[in-house]
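Below is one structure; the comments refer to it alone.
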Amino acid sequence: MPRYLIRRLGQAVLVVAGVIALTFVIMRLVPGDPAVAYAGPKAGPAELAQARARFGLDDPVWTQLWNYVRDLFSGDWGTSLHTRQPVAHDLATAFPASLELVGAALIVAVLAGVPLGILAARYHTKFPDLSVRLSSMLAVSVPVFWLALAVQTLFASTLGWFPVAGEYDTRLDVTSPLHVYTNITAVDALLTGNWPILTSTLAHLVLPALVVAAYPAGLIAQMTRAALIEETGRDHTRMERALGFGETALLTRFALRPAAAPVLSLIALVFAYAIVNGFLVEAVFNWPGLGRYAADSIRSLDTPAIAGVTLLVALLYVVANLVVDLLQSLIDPRVRTR
Amino acid sequence: MTTVELRGTPLRRVGNLARADVLATVGAVILAVIVLAALLAPWLAPYPADGGSATHPAEALLPPGADHWFGTDQVGRDVFTRILFGARTSLFIAVAVLGLAAVAGVTLGVVAGYAGGVVRDVIMRITDVFLAFPALLLSLALAVVLQPSVTTVIVAIAVTWWPWYARLTASVAQSVAGRGFIDAARCLGVPAPKIVFRHVLPNSLTPVLVQLSLDAGGVILTASALSYLGLGAQEPAAEWGLMVEQGQTLFTTDWWVVTFPGLAILVTAFAFNVLGEGLRAGLDPHRRAR
Amino acid sequence: MTLMRVRDLEVRIGGRTISSVPSLDLGPGECVAIVGESGSGKTTALLATLGLVEGARVSGAVTVCDTDVLTAGPRRLRAIRGARIALVMQSPQAALNPAMRLGTLMRRALARHGVKGPAAKARAADAVAAVLLDEGVLRRYPHQVSGGQAQRFAIALAIALGAEVVVADEPTSALDVTVQAEVVAVLRRLREERGLAVLIVSHDLALVSSIADRVIVMKDGRVVESGPAAAIFAAPADPYTRELVAAVPELPPPYDPASPPASPPASPPASPSASPPASPPRTGGAP
């Protein structure tokens, strides 16, 4: 097991190095002068030179890359041009909100997708199977920004069942202020027993989380179904059937575990995807996460901020993949000895 | 799993596939309609001029009716017409992205799979790096760097999409390269490029084609999302994502301006997805969804 | 007493008969072998005795421990599967769930048939010992045991659940020769000591001759010859059987149980209700 994990870790380090290099290259391609963007269009030559010196824009490329890497590791992810705050600080405030949204969405996606996949496999080629296939296909085909708009218009603006936008009712900051520990509002509210903010957050979370959940839920249902059908075609299922187990038990008590490996790796893949898909949903529901930060950064051509968001999400993807490999070696004993 | 008889004339093969998978057949039919609509948009559209920059302020925001099946937008353009022209944009983007990505990815993948060793490792690690960026994210970053346009969208998405084909082709090419007849060809002194083109490449194509049809839906969704964010097609172009963006504030009052473009994206992506899924089940039954 | 009784079994797919067995009887401690090349329908016949044939029309009558398998409902079938009639498959490791310790599978199977707690523990220990395995295998995953161990564990499952009939599909063909002997020895011992009835499907005549009392020879879905093993190997009547027997250089001495209580192949227990145990009279060719 250690050997396998050390090799995976080595690969991950290489990928992280590549991710940093690629982010650096993309940001170097930006047309227009970052110094102008920082100092403003009315800045004189002296101010521009000062800005250039500050960002090291006159140094050779290799020096810049080296400085970039060194700064990243010392926690200096640059200064955002539009918030004038350190990017690392901005990300630390925006990311927990995204995590809250995507975390809730993935919980919904797994809770919906896995049982639907089991249902489809149980009644393979019958009506339930066809309906699960159809609905999961629709879920992965729907443009998420449009779904967000439609759901918001229908359930919030028109029917008024849920709040239209935001993370919680900010008026509550006055009546019952929130102590911040993790920056994840729902978690902080729960930890400090702040029920008004907790209920408000959960109410605000329902619609965006459901919208973000649609795509992963569809994928998970499809993958669970396919993996289970493949697993039930194997010899061991026939053996288990010959031991007297019923069709449902064959799926839930026997096939599900060996089938979990592909479903798990899918969830890791989908995690990073859901964060980015969440960007669009955050924009519609005005959720104070990475997506809104990214949108603001794009509008103001805020290179360090965009680089920060890009890098953070790519790193998340690498980490999520590592975690999944670890989990897989726990679930599937064959991986360990590979 | 349903097994499909893959013998007989091409027509019978298609017929067998169609009977085996109703959903995929529905997808194929929808797709045929969309392709026809895209090709014939200038002739099919009731108001061809509305596909571009025409404005009819007097007819702004008319609800769906006999004259305008899907209603009209803020400047009085026929929404149905713009949906038809939007099909051209979406399909063009999908074809261009997948073409670029497939050529780049398959080339690198074949090289990696056939050469093996260090070459393979280097190419696969580069692939991993690109795969770490979700398509929409890298496209966002690139679309900021380049000027917002359809071309930008195509380049940005293609850059994030090629690694899938590289990975897929490399694994197929590797397994093909390990087979007896390739060794035999090598021993007989057949030059490497010839082996690759004659034997390795053709064997890699079926899984790539299946993957292409599966990916087209994802490309259309990503492209429309970029346009929705204002990073893709620009006014007055007819693009579904852009149409949703332009009408989003009107959803409560004039639902048709947003609903129909969104449905167009949904239906197109759905058609590609079910067709790709059916093709995979029919042609490539052993490979699981990734 | 007959544990398994097959009459006019016929399995058809799309009008084509893929397997038909006119008659087969199996009593306690007996072993019948179905012999034939791959595609002869022998595995299908075996699966039919468990009610596990899918996507085909099965007609005739298959009675296992007083249950008519072909007409029984799913609940009844599940109750006898494992507990009365157990399956041993060809590739032993693939037949075990890769993500489950052998002990977990054993525990779940016992619980499924109502044996839990200390009783289950005792049964598992007894069964594992009966197939000459160490109790340590219960903590292993399938990929951590050898093929022979996995195959003997499959037999142990049958013993633990109290199955009276074991149907084995090519139980040794995926194993090394020395390991084959172990598995055969275990099966023979269980026949003699516990009165286990065995229906075995194989193309390996050496194996068959070393364990079976009676033999049914199948070709293209039909029985071409059947009768006592010793007689068939000594003087095959059907040309196809002759070919099969001639292809084996030297057969081991036919099975001859040391203990008299187990019914010897030549002298079946005379019971008025049981059909002639030497199965149907030897037929010269395909019916």
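The first chain written gets the first letter, and so on, giving A, B and C; residue counts start at 1 in each chain.
Just so it is clear, a contact is a pair of C-beta atoms (placed from the backbone, for glycine too) under 8 Å apart; a residue touches a chain by one contact, two chains touch by 3 or more.
Everything quoted here is computed from the prediction, not taken from an experiment.
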item: Set of chains whose contacts include both chain C and chain B; value: A
item: Higher-contact pair (C-beta pairs counted), A-C versus A-B; value: A-B
item: Cα-centroid distance, chain A relative to chain C, in whole angstrom; value: 54
item: Centroid spacing, where centroids are CA-atom means, of chain A and chain B in whole angstrom; value: 23
item: Set of chain B residues in contact with two or more other chains; value: none
item: Chain A - residues contacting chain C, complex; value: 234-236, 238-246, 249, 253-254, 257-258, 260, 331-334, 337
item: Chain A contact footprint on chain C (complex, rising order); value: 50, 52, 74, 78-83, 86-87, 89, 91, 94-100, 105, 108-109, 112-113, 141, 143-144, 154, 157, 161
item: Partner chain A, residues of chain B touching it in the complex; value: 1-2, 22-23, 125-126, 128-134, 136-138, 140-142, 144-147, 217, 221, 224-225, 228-229, 231, 241, 244, 248, 251-252, 255, 258-259, 261-262, 265-266, 269-270, 273-274, 277, 288-289
item: Touching residues on chain A, where the partner in the complex is chain B; value: 11, 14-15, 18-19, 21-23, 26-27, 29-31, 125, 130, 133-134, 137-138, 140-147, 149-150, 152-153, 157-158, 222-223, 226-227, 229-230, 233, 262, 272-273, 275-277, 279-280, 283-284, 294-295, 298, 301, 306-307, 309-310, 313-315, 317-318
